[in-house]
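When the chains are written out, they are named A, B, C and D in that same order, and each has its own residue count from 1.
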Amino acid sequence: MRHTALGATLLLLAMTSLTQAGKVADAAEAINSHWLVTADLHGTPIYGRLDIEQQGQKISGQFYGDQFEGSLDGNAIHFVAKDSTGGTSKVDAALKSGLLSGTVVETDAADESHSERYSFVAVPIRQEHRATPLHHEFTPSVFYREFSASNKPVLTVNPGDSIHTTTVDAAGTDQHGQRRVLGGNPQTGPFYVQSAMPGDTLVVHLTRLRLNRDYAISDDGLVGRATDSRLAVKMKDAGKTVIWHLDIDNGVASLQKPGAHMAAYTVPVHPMLGCIATAPEPSHGAPNTGDSGSYGGNMDFNEIVEGATLYLSVSVPGALLYLGDGHAVQGDGELNGNALETSLDVEFTVDVIPRRRTPGPRVESASHIMAMGLGGSLDDAFKSATANMAGWIAEDYKLTPEEIAELFGTAAEYRVSEVADRNAGVVLKINKERLQALRSKDAN
Amino acid sequence: MRHTALGATLLLLAMTSLTQAGKVADAAEAINSHWLVTADLHGTPIYGRLDIEQQGQKISGQFYGDQFEGSLDGNAIHFVAKDSTGGTSKVDAALKSGLLSGTVVETDAADESHSERYSFVAVPIRQEHRATPLHHEFTPSVFYREFSASNKPVLTVNPGDSIHTTTVDAAGTDQHGQRRVLGGNPQTGPFYVQSAMPGDTLVVHLTRLRLNRDYAISDDGLVGRATDSRLAVKMKDAGKTVIWHLDIDNGVASLQKPGAHMAAYTVPVHPMLGCIATAPEPSHGAPNTGDSGSYGGNMDFNEIVEGATLYLSVSVPGALLYLGDGHAVQGDGELNGNALETSLDVEFTVDVIPRRRTPGPRVESASHIMAMGLGGSLDDAFKSATANMAGWIAEDYKLTPEEIAELFGTAAEYRVSEVADRNAGVVLKINKERLQALRSKDAN
Amino acid sequence: MRHTALGATLLLLAMTSLTQAGKVADAAEAINSHWLVTADLHGTPIYGRLDIEQQGQKISGQFYGDQFEGSLDGNAIHFVAKDSTGGTSKVDAALKSGLLSGTVVETDAADESHSERYSFVAVPIRQEHRATPLHHEFTPSVFYREFSASNKPVLTVNPGDSIHTTTVDAAGTDQHGQRRVLGGNPQTGPFYVQSAMPGDTLVVHLTRLRLNRDYAISDDGLVGRATDSRLAVKMKDAGKTVIWHLDIDNGVASLQKPGAHMAAYTVPVHPMLGCIATAPEPSHGAPNTGDSGSYGGNMDFNEIVEGATLYLSVSVPGALLYLGDGHAVQGDGELNGNALETSLDVEFTVDVIPRRRTPGPRVESASHIMAMGLGGSLDDAFKSATANMAGWIAEDYKLTPEEIAELFGTAAEYRVSEVADRNAGVVLKINKERLQALRSKDAN
Amino acid sequence: MRHTALGATLLLLAMTSLTQAGKVADAAEAINSHWLVTADLHGTPIYGRLDIEQQGQKISGQFYGDQFEGSLDGNAIHFVAKDSTGGTSKVDAALKSGLLSGTVVETDAADESHSERYSFVAVPIRQEHRATPLHHEFTPSVFYREFSASNKPVLTVNPGDSIHTTTVDAAGTDQHGQRRVLGGNPQTGPFYVQSAMPGDTLVVHLTRLRLNRDYAISDDGLVGRATDSRLAVKMKDAGKTVIWHLDIDNGVASLQKPGAHMAAYTVPVHPMLGCIATAPEPSHGAPNTGDSGSYGGNMDFNEIVEGATLYLSVSVPGALLYLGDGHAVQGDGELNGNALETSLDVEFTVDVIPRRRTPGPRVESASHIMAMGLGGSLDDAFKSATANMAGWIAEDYKLTPEEIAELFGTAAEYRVSEVADRNAGVVLKINKERLQALRSKDAN
């Protein structure tokens, strides 16, 4: 299916967006725009994007990502969009009070006898940056346990704004040691980012990620994906909760009740966010906060630290940004099932790259760009990471498939990010030094 | 089966070892020793290890790794060794001219009616270091395409010795551009290391690994393990041979005929050995030089560079060290199938850790210890790497399973070493800084 | 976490159950019972099971699956339950008006300083079979797209009852060709089964599964899990919708517009349910109807046909049974992504096995018992299927691990059920003829 | 590399073939033939195939599978063959005494400066069926432990001939309970099949596969690929040798010393060959008899039984057929590591399909065609099985990719053949009833 469900809440937000948009110009000028489409499919509200370019009586553009050409006739437009399988969407609509209202008749290429008709309404998408970004201090009082498009936003911000807030640990305990919510990676947010629309990319820059309490909770066993039969037998009695002391001043963690050989063991802390997500497509359901996907989620990647920048796909108006599941430090893979789970003090800025698709989570540090692959096995995650990075390089540097192979063959660095959750994670990193020489004259 | 086949060549070498051992003391003293056992099993010569501790009339020790207790009666010994499944080996032997000769009757725990009898001869193992290690300059003239226990050693060296030699590239071409042998990672060696015996660990320290010609051969495609269905379609026309120019003075590689976007692309060289191996157990056959296993082999790990130390299991007398398949530089995974394949100038020292088992390849750099896992999938390789490192840490630091989990959970770093060959490779690295505090008072 | 969230709806249902339970006997008698526990954890209602055996002043039993011993003191009970990691739950409660109300103090073994206190209420669980099972004719009007514990039951039935209903196809189209709901395997149900409680097993016997329209929708491509790089390239232009004609009278399917070589191709229909599920634990979220798990779901196993019996774990009161996604016929693995998707006419009976855990979906036919494994890869699914069957055999026949290995080594039959969805599926089948001789005298 | 090493033994056999070929006609007639090419590549003898079609002065055909066009000039031929990457082989040769002798200059498309020159000799391939096939009674006296092209054939047979022989069990024990050779699946053979040449398919029809002793050896544990962490812990003490009694008259197996619950357990025997193989390409080394690949080998598929027909690729002259590793009965996957290992009485016929490539093992029974996939994981084996069958269907029935998808989607049956060895095995089966309607008028 090419449709996506939209919560009723979002329709209201879209309407709000319209109200903010101010007065509408004449029809042709108004039509020549980007639209957020909301439709009703057999009781499920869905939305998508309509991009129209108008030239005289001719219009062209994309409807739910499918190309179309059509005509403008006074306030009315007519076009037929084709998808990659040959299916068509015949659209008739009219502009009234700044809204586009109309009907769609969908026909499958192979199934012309089974066409389908539904109605829609569309509002224009406005991208306006404030002259001066705002800073928001946000104290969370509710914590969600699903990356859902239906949860009410806790704060609305603009691209460029910065937000300072806190997260509770994976078990729902805050910086004061108070349990606030049932465990399972409860999240701070969602934050609604103005102008972020399906098909855009949300950019989150983590400007501050700090410890705000002196202990973390972890386990002393190894997860199943890390243990073969023999090691599983050796580990059969392990898997108990352990407490780590966090020495914030010195930036190290040590076990509260260490075994004989770990008495002197300390490890430098590197606070990271285990979870950061946009709301996924609502028609795909609402994943619990232990899951991950193209929307980010519970990635448990230990390079999502202070200074890192995240790129995440936007699937719903406002993006609906969630974050949580702080770790004081975590080895690759989160081998204990729990890392050093703790509450965190978090500050970040948000931005939007319009009409840029991001097929999977991407991260940027001072030295590297990193593309994450998530899948049911490390083998699938590895392929997914490679494809994610290949797409990134092709978009930004226009490299041919052969050139991409040459780059990867000499510069690929793979890390295993996560083996403790339903999805395994692998990250392909490319050192930015390798990228500097990639833009040829032809590519500019 | 608990037995291992031994080529006839090795029997001769064992006899040589005996001759070198000098005169034999009285029976009790002579018996109290480590022995290399060679037996005839239905036409297949096999060998193993017999370690005897003698106290008066009592003897104890290990026979093919199984514990035994028994008795000394003049020149004769009698014992019964038990394996982990309850099977027994009843041994009767006598000392004569410094050799132990005797018979074994093997009986399975569950199958007492089907016992088996065979004869053996054993020679004492001597570990003598030379006062002054020798340096060997070795110019290869033959290159082997199988990691075989049957290939004739090209040079015999002692623990502590250093060897300076060269390797041809994966296609069999040497530093002068001359094809010397059919391709497929032909190897320099095997080198016979005196005193290295089954059950020992061979230590190879790479003191020099340098380019010795100005080009390398590679491909411009991506291997199947790196491509999902969509990327495979995009890459369908890639996979051709490409030549890289190696600028030895400046230490960088660049494409000889770059595409438009790669014209300015250079990458620093990091010469590495794709293959380094001991001869595997001969009863398991002779793997071709594209394969890998507990013996090392075609690992294609880009941290096997100048300065690195390798730890490899010894399965045959003399270890039989092979090396080859030099890469000027290789991204993680050897994604092109071929890295930047080139000939190399190689210098290394060898040493032996007696009676130390190394279940899989291990590498040490200035900063890290690294345990490799090899398997038919990344998921299996990941588990194998974790088990390999868990064993290493347990042996060297005596950590309990829970302590190992705590160490790994906070300090694990995983790299994907290889996806281009039959075995995938994953490496678990631990920063040596984390290890410094591990030895408690109890552990010393 | 050992707790599970409970929708507020369920609490109401539990209260209803109480009302039906009739008058309460004296305290000791009333206490000696099975209880459905509902608690409030930081805003999330959760539930579980309390099984009490009372003897004089002593009580023992299980609380959320953990063993306890304690005391009865008038209307009050006191006990401490221990979980497998050494954590404790100290419980104090009192009986009043047939309800148990009290508090729990949970303490982790390793974290005694961080105990947690919450309150709960429990209602008795009644298992009453009707003398005469009812037959229900049910015409669905709403179709759910998530296997959610929060969806309102459409019908309440008793163990032993039979239900006759219909399902729409995966795209939401019914037997009249009318689109009723957005696609994605919309479900008929959920059905609330009286007395089915967490920890029980729901038994669903499919007495009738028939075609009720003359066409099915499918695709002409192969999913990614079935195609290696080369086959993916060959299949690059495939993947379009195709219509199959269903000849109900003759029980065969044929392509509506076949290619040249498929003109005479027909395949016998075997109507099956792609989806059958209980509601999973609500604290784990609400999976969309394309997903699967221990609760069943979108399993796409072509032996879930008329005559088959399903065993599914119960995680919420009433089990909440869903079914949908009918296939006229499907090869192993659902290789096209869509099978021959169609609406179905369905009749089934339900039953409950109290206090019987079913770790994964199980199916029984006239000839075989079958245990399903679901996982992110075929390798994981294979292990899961083996473990699921090993548990089944151990429970029902008391076989030792060695005996299980002997049975499986001689009688295992593995099928690949599903490769088209997020979870791959593998099924281990054992012919019932092999099971007949397994019950020894000791086992009875 | 596109070349394949050839043992010196094979060259002799090829020469023998020539001698048998009788007198040579005139040059043009003689040239117009199929040739076995033997070349010397830097010390490694290799071979391949040259197929020439001559028309006047023009010749065309295939050289090592690459297309060429060229010219005939008296006794001399000249042509240039191109491979799929654009590389060329320039060939100049002359006919003398029925042999073609000449030189090849190979040039890579991307590396014109590095061409390579070598010489070759070619002998004509004759396919002559005897009027009356012979029957051979063969009593083995030597048993090989590697599927090697270098082992001396024990018997030379013609297409159409039948052979009656015996195999020892996996441990090397024969039908009299005598250990004949070290264990590890020692093989009967290799049999040299006249006229079988690289690029052909060997057909082996198993006409008789019977028990010839009254016991089998097995284990009582489960292999690692079948056990997740929890099941591995439960199975930690399993894995001992067990003896099964084979009741030949009644065709059932039962444990010699059953546990309490297995006392009455019997299972019908289905004698099968665990190993059947041709010699793989010698330049790829000589796999031990525990391994498998495109050549067959240790497949452990329980449908390789009496009545089955095997199709195996031929990689060396004479094919060199090996067989062994009989199992009295084996559940899918060979879960115990050892099946019910026993000696067997075997009769089979051989045939050759000239110039037919078989990319992986294929099996045919009365009811099904079956394509095997072998890989390092079940996921890879699954893809490989699907590709193997897709190739088979495309060759034999000319189906388009879309038609193949439609066939598989409705008719695929997948079995897991093997999880106990280095390669996992999956088999895709298609019922022959589904194939009957596939040949359209256009396809004939």
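Convention: contacts are C-beta pairs under 8 Å (C-beta built on N, C-alpha and C of every residue); 3 or more make two chains touch, one makes a residue touch a chain.
Not measured: the values here are computed from a predicted model.
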For this session: Report back the single chain whose CA centre is most distant from the CA centre of chain A.
Result: D
Exercise. Does B-C or C-D have more contacting C-beta pairs?
Worked result: C-D
Problem set entry | Chain centre separation (chain B, chain C; CA means) in Å | 50
Problem set entry | Mean-CA-position distance for chain D and chain B (Å) | 31
For this session: Round to the nearest whole Å and give the separation of the Cα centres of chain C and chain D.
Result: 45
For this session: Two or more other chains in contact with one residue: find those residues in chain C.
Result: 227-228, 230, 235, 240, 242, 377, 379-380, 424
Seminar exercise, completed: Residue positions on chain A within touch of chain D in the complex are 224, 227-230, 232-233, 235-236, 377, 379
Exercise. Which residues, counting only chain D, touch chain B once they are in their complex?
Worked result: 1, 3, 5, 41-44, 46, 85-87, 108-111, 114, 116, 145-146, 171-173, 177, 179-184, 217, 239-243, 257, 283-288, 290-291, 375-377, 379-380, 422-424
Exercise. Can you list the chain A residues touching chain B in their complex?
Worked result: 218-222, 225-228, 230-231, 234-235, 237-238, 240, 242, 253, 255, 259-267, 329-336, 339-340, 377-380, 382-384, 386-387, 390, 397-416, 419, 424, 426, 434, 437-440, 442-443
